[in-house]
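In the two assemblies presented below, chain A is common to both, partnered first by chain B and then by chain C.
What follows is the complex of A and B.
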């Protein structure tokens, strides 16, 4: 509530921080998303203690087409957060690279896409082939 | 010449250690969480995972320890990240303390649940 009255969201959107700002925002949103899934994932694995039937009845959540779509979001979030986090660490320990920080974001985007796209295709293709 | 400025000294080094932990655990997770993701999603495929997959995996102590490290590093990294976000956006002290307390409760419960099932599971 305090944040809203400070106008931080609107100010944030007007701030023209370009690559740095957007990667910062996406890092945060992806991180929170992964944390949310992690809590769900600990819960679903915990249920394996209740036996085969309980556990496998729950798995329909992940085996449905909607589940696969969520899976791609998860893969996107984990991979982006990982590659972007690596960029942050590199800049933290080699401050001299700050001069090239915007270019570094585009290097990161390329690295991310090379890993993400094939995995996304593998994950989504069973929806279309019906496998 | 720049005027000398007195630096505010923090009362503890906790935030420095937290910053360092995020870098170290980040690199560790880059290896073990991304490998886990690639193995379970791209190689095995979530559609092929059932009770027997997990039972087979946890038949080896190596994977139980691997999964425990994954759990501990990922949840600690994630809850600390959520703590940063809480400090950034929740300005009213009462709410901020409440939300952070809730984060620590969630942390304790879910580390406990995860560790419990990893080390007590019998197929």
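What follows is the complex of A and C.
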């Protein structure tokens, strides 16, 4: 019925939904990001077929500043997808909580940041300390 | 105090237009005017070709749901003072536009009819009313308020993605009968809602709840139907 070709997709992005709409969109994007990483990961594990040295030599990519930044994005995606998914599961099993759904999004943000920020700092700090 | 408002309306006439375009209008409005009053003023004083639906103009008939400043509302329930001096009006999203702000509601009503929106009770007809306690009524009272305006269904990204999805409104209507102690077809309705076009397409996004002009807790009602299906309890 409604199709992206009639501009529904772009108009949908302009729709002024609230926390629920944006967390849903981010959930999808994060899920896609994790899926793309999985493809990359399957590829880098496949490289071990060329011998241990080749594999280990290529690991420098993940240790480079750009690689670490990439890992922070990965952590963001996995963690957000997980925490947001838990929020949805909780609301699905206890529909009564749905009246507090907007507050729950902010609880989710706090939980996410408590875990994400230290992990991001630990991942990025070798760039600055040169470790 | 009168205020000057600038109104942008998304227009489309299939007879003359290749693609949608915006008409722009400047006019005076009272802060207490509703967007419907503004549209009437445009139609009556500036552009008689502007097409939109309205009937009761008091939030009961559900004819004038449309996207106003990016969100679904009933034009007869939103006041100019709550929107400011720039107002953008577009047709509901996800249904085909017939002309300007009028969308083809047939798919919406097809979904509505599919969930058997009527009382099914095969017991002999009683001589008096079919009695129900206030507690039994309370179970589904919220979902009796639906006026079929389509504001919820057309705010739902799952419905935008595929019109096959029955959508929040049809599920709300089903909820109204599933949890009615006098009804005997809950299992049939749940069966319909258990299909791929049913409740499982809901992604708990809450646009429907925000859009409902009657303040029905739509997502909660859908959640209750999901739970009824999961635990076979209703």
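Basically, the second predicted complex is superposed on the first by the 127 of 131 C-alpha atoms of A that agree within 3 Å, B and C clash if a C-alpha of one lies under 4 Å from a C-alpha of the other, contacts with A are read in each partner's own complex, and residues count from 1 in each chain.
Throughout what follows, contacts are C-beta pairs under 8 Å (C-beta built on N, C-alpha and C of every residue); 3 or more make two chains touch, one makes a residue touch a chain.
Computed from a predicted model, the values in this text were never measured in an experiment.
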Which superposed partner A:24 touches (first chain B, second chain C, both, neither): second
First, second, both or neither for A:14, with chain B first and chain C second: second
When both partners are placed on the shared chain, which of chain B and chain C touches more of chain A: B
First (chain B), second (chain C), both or neither touched by A:62: first
First, second, both or neither for A:45, with chain B first and chain C second: first
Contacts of A:34 with chain B and chain C, given as first, second, both or neither: first
Partner chain(s) touched by A:113 [first = chain B, second = chain C, both, neither]: neither
Which of chain B and chain C A:92 touches, first, second, both or neither: both
Shared chain A contacts, counted only where both chain B and chain C touch the same residue: 1-2, 8, 92
In the complex with chain B, residue positions of chain A that touch it: 1-3, 6, 8, 28, 31-32, 34-35, 38-39, 42-43, 45-46, 48-49, 52, 55-56, 59, 62-63, 67-68, 71, 75, 78-79, 82, 85-86, 89, 92, 118-119, 122-123, 126, 131
Of all residues in chain C, those that touch chain A in their complex: 67, 69-71, 90, 93-96, 107, 155, 157, 159-164, 203-207, 209-210, 217, 219-220, 223-224, 226-227
Residues on chain A engaged by chain C in the complex (per definition of touch): 1-2, 8-9, 11-12, 14-21, 24, 88, 91-93, 95-96, 98-99, 101
Of chain B, residues touching chain A in the complex: 23, 26-27, 29-30, 33-34, 37-38, 41-42, 45-47, 49-51, 54, 71, 74-75, 78-79, 81-82, 85, 89-92, 95, 106, 110, 113-114, 116-117, 120-121
